[in-house]
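Note that chain A is present in both complexes that follow, paired respectively with chain B and with chain C.
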Partner chain A sequence: MDWLFKFPFTSKLDLESIDRVIRDFSIQNKVFFDGIKSGLTAMINFLYMILAWFPWWVYLILVFILGYSIKRSWKTGLMFSAALFLIGYFGVWDLMLITLSIVLTSVFLSVVFGFPTGILMAFSNRIHSILRPILDTMQTMPVFVYLIPAVMFFGLGKAPAVLATTIYAIVPIIRLTNLGIRQVEEEVVEAAKAFGSTSIQTLIKVQIPQAKETILTGLNQTLMMAMAMVVTSSMIGAGGLGMEVLISVNRIEMGRGLVSGLAVVIVAILLDRLSQGLAKGKEKPE
Partner chain B sequence: MQKKSFFVALFLSCALLFTGCSTENKSDKTVVFADAGWDSIQIHNAIAGYILEKGFDFTWSQVTGSTAITYQALIDGEIDVYMEVWTDNLAPYEDDVASGAFEEYGVNYDDNAQGYYVPRYVIEGDPARGIQALAPNLKTVADLKKYPHVFKDDENAGKGRIYGAIPGWEIDNILFKKYNHYGLDENFIYFRPGSEAALAGVLTSAYEKGEPIVGYYWEPTWLLAKYDFVLLEDEPYDEDTFQNGETEFPAVRVTIAARSDFDEDYPDAAAFLKKYKTDSALNSEMLLHMQDTGDDAIETSIWFLKQHTDLLDNWLTETQAQRVKTALESE
Partner chain C sequence: MSESSTLLLRVKDITKIYGKNRKDAAQLAASGLTKDAIKLKTKATVALYDINLDINQGEVFVIIGLSGSGKSTLVRFFNLLHQPGEGVIEYKGKNILDLKSKELIEFRRNTVSMVFQHFGLMSHRSVLDNVAYGLEVRGVDKATRYAKSREMLKMVGLEGIENQSIDSCSGGMKQRIGLARALACDTEILLMDEPFSALDPLVRKEMQFELLQIQRRLKKTIIFITHDMDEAFKLGDRVAILRDGRLVQVATPQEMVSNPADEYVESFIASADKTKVIGVSQIMQTPTCVVRESDGGARALQEMRLNGVSSAYVVAAGMQLKGLITAQGALDAIEQKKSVYDFLIREIPKVEVDAIITQILPLAVSSAYPLAVVENGVLRGIVTKASVISTMI
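Our next item is the complex of A and B:
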């Protein structure tokens, strides 16, 4: 009767051979991975250089203006700048810039790869059914499972962090681009075609503009998810605000953890409100 | 019809529940160990757990969490026994022992080396693998200054990279001071690897690829038992200047601790745990066995106890030791 309550058979998989394959693969393709790594690193460093080139008050003014233009209220703008001011006041301004350079590079990569993928998915049901389980895996596979292979391939630092973040954050932009385009009404597309538009013209001039709001929501979600990976990517040495959180948690310093955690929250909220506001703000004149 | 099947389902799930209960262990003496996530603490848990189970009729379990979380749980009394407290890595440790937040039972081992390691092939080369000695005169930490081009950092052109300690560990501060003390900050980046898994990952992959690397690591670990790394020399240890990063590292005191009233509840078990002691070599031995055979912590602990039955005589009274040995024979 034992088999009724306990699963009757298990097999010991040859997990070591998987380890060996990954290890050998990383050794054989060292040049290839090193190339990707230096490319990514150059991108992140370039972005950081630009971000660090502007003095802090430029950001405060910029955030104020953006906040004002979104809500047409100087209170909102002031609140946003005050929040950003707090980050400098906490003494983590530089760390924020490092974090931003990693997050924004990941978002950039997500858009570059995710947007076309989403369009492909919208046009082919076959691709759609193949990609869906892959996207589910990317979103739910515990990050540490692929973090260590990423370390084997790319070493420690910002490049593997950007990669891990991109894998996680690219999903919403793909999903919502696909959804947005699929939701454009059939009649509208038919009409465009009836006037003699090619598929490409229909896509660029009708479908994408019609799906804009959904796609921008996807972009906003991608941004948020990239921010959510900040601490995780510090575990492979990415630096920035996440590292500060990690240090304080490991030292059981709750105050320090709270301050750096709060800085992450502020950056996330600002990015969220501003990107959402920009998405909506451009709709109004029409 | 629907109703009927619902009752059948209800009955079946009740039946399952009750059979579940009947297989519960009869013993009400339980001990909860801390599993802070690394291999050796899990093996020590399994060894102590096995002995408590066979020699003292305990049942045992582990609570898994990060070092910080499990340490807090020990103070709160949710965890009974912590087999490996790395005292150097926990800033509040001394104060907490002094204030009686928990009790220190003794030293598990304290003869472990730690510091900056480089693969042996970086210094001596490895003709079998076709690797040339890139830093033949590298002996001490101070010598590193001559070799930034060997250990180069991909993110910062022209500088070298030293892999430091896990952020937040006590040792991290000292390593950073050492980095400044030897003037390595001029041409090296002090890189915090973020987590143990990441540090182990980067050292392993560098070794497998035959690349030069220098990083902080510690013994006993399977990694240093398996791969041939050399510990870089430093000035002899001095208590006063060590904190400023000027000398080599002393061994870390790795202690066994238990919640504050554990010895009142179970004096026998506490007496055993207070005598429990291993050393760095024994730990390396079990970790290497685990890594090479793929055994889990429990299998490794039984293998280990079979190899070293003499330890049982040191830790236990004669009758207790005999009970455990009898149990071991039937494994």
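Our next item is the complex of A and C:
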């Protein structure tokens, strides 16, 4: 009666062979992966260069103006730029720019690949039913698992960090683009077709603009999830604020951890508020 | 009225069945089973079965039915927003189901436009850009399409709101915008899918009136969907009644009232205000008591006595109505030895032969005599108070 209380069968899955296959695959396609890696690294560095080109006070002014235009209140603007000022005051300004360059590159890639995928998903029920379980997996898989293949294919550094972040953060933009387009009122789409729009015209002139708010909410979510990966991805050498947090955990330095952790929070909140403002504002007609 | 008009659209043997077992369902439908019974047996939904319609140029063709009767599906066949399963839809003799996708887009752009129940307006565009949409996708330049759109907005009674957002408009305004958008395309055919059912009753009446005004000017071919019999009779040159996906009757409102095809049509008609449909010609009686203007008083009096009435209509040659003489007038004529001509009452209530009951109602109630029905001055009949009232009950 032993089988009642103990699982009777266990497979002798050869986990090592999985490792071997992936390692061999990465070695065989080294040129390909190296190409991607150097491309990505160039992108991140380019973005960092642009970000670092502007002096710090430009950011303070920019955040003040954006904060003001969202809430129409100079208090909000002042609060936003004060928060940003704090990051510089803590002495982690440059680390923040590194983090931003990684996060924004990931968001850029997520939009470039996620937005069209979401549109395809909205138009084809077949693609929808195929992609849904994949998206579920991508979202629920523990994020550390992404780090393993990223490291195996691309080694350490910013490029694998961006890829792992993108895989994790791309899901909401796909989902919400799909949802937004599917939710456009049936009669509005019918009207567009009834007046002789081509599919492309219907998509660009009606469906995407009508789904705009939902899509921008997806963008906001993607941004937030990319921010959530900051510390995790620093484990494979992403650098920036996440690395600071990681180091302070390893060395049990409370002060250092608090400062860099706070900086992450400030960046996340600012990105969230500003992108949400983008989604809600600007509803005026032409 | 529409006898001389030319055929524009022809619907031949259209059937639309959703779900599995379509062939079985079609056979069962052919054997006369109802939609519900077929659904139970085969799990297929017969949305429309064996629809045949001829629609003439310039007429307002109303399709009426309850929800689920298939009317909204049917109207979407005319611009192929929905595809019929079987059958043919001919526009000027050409089957539009054979159109290639590019040709279909051209057909939708140039020949047929549509007004929707819930307006189908695009909230991200201004009022003007909504009206201009059809022209925009057609590739008309900005200046031309805006000029045309402004003109159409003026026609539907909306001026000065070009730059407002759609969300700031009331229901009535929204549907005017929807109508303007459809009219801006200047298409021959206008499909209207329950355009006024989402509006409150007062606004609905106003819109019906305005549609008739516009139709008088533009003479479009309108296919109008509704579930309201009043609306159908008010707007329709011809009305088709749809029940559970089948056509029950196609007729002019007058024909339908006088010869309903079955009890279903009758019950539908009962829901409508018949005074808006029944014409004077349908209830008028032959004028029995008629005298000539040269006749003497004695002759008039004798005529009245024979018919048991107290007044007689006086006509000239060719039944030209001249007026009315009362019994008192006839007696005076005998006394003074003159003809009835001298005692004529000329100011008598007259109605035209093509008037409908609602129009003559106030006159019929207030008049002391039966109403004289005339056509180009010729006496055609009379309408009594009693016959008017009997149409209302």
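Keep in mind that, in the parts below, the second predicted complex is superposed on the first by the 283 of 286 C-alpha atoms of A that agree within 3 Å, B and C clash if a C-alpha of one lies under 4 Å from a C-alpha of the other, contacts with A are read in each partner's own complex, and residues count from 1 in each chain.
The criterion applied here is as follows: a residue touches a chain if its C-beta (ideal position, glycine included) is under 8 Å from a C-beta of that chain, and two chains touch if they have at least 3 such contacts.
This structure is a prediction, so every number in the text was calculated from the model and none was measured.
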Clash or fit, chain B versus chain C on superposed chain A:
fit
Which partner does A:E187 contact after superposing on A: first (chain B), second (chain C), both, neither?
second
Touching partner for A:L15 - first (chain B), second (chain C), both, neither
first
Superposed model, chain A: greater residue contact from chain B or chain C
B
Pick one for A:L60: touches chain B only (first), chain C only (second), both, or neither.
neither
Quick check for you: in the superposed arrangement, does A:I36 touch first (chain B), second (chain C), both or neither?
neither
Using centres of C-alpha atoms, tell me the angle at chain A that chain B and chain C span after the overlay, to the nearest 10°.
150
According to the stated criteria, A:N45 is in contact with first (chain B), second (chain C), both, or neither; which is it?
first
Nearest-approach distance, in Å, of chain C Cα atoms to those of chain B in the combined model:
32
Which positions of chain B touch chain A when the two form their complex?
16, 19, 66-68, 71-72, 90-92, 154-155, 163, 166-169, 172, 191-195, 197-199, 201-202, 204-206, 208-209, 294
Please name which positions on chain A make contact with chain C in the complex.
185, 187-188, 190-198, 201, 205-206, 209-210, 212, 283-286
Sites on chain C touched by chain A in the complex:
76, 79, 81, 105-110, 112-114, 116-126, 129, 133-134, 136-138, 163-165, 181, 185, 191
Chain B partner contacts - residues on chain A that touch it in the complex:
5, 15-16, 23, 26-27, 30, 34, 37-38, 41, 45, 144, 147-148, 151-152, 155-159, 234-239, 243, 246-252
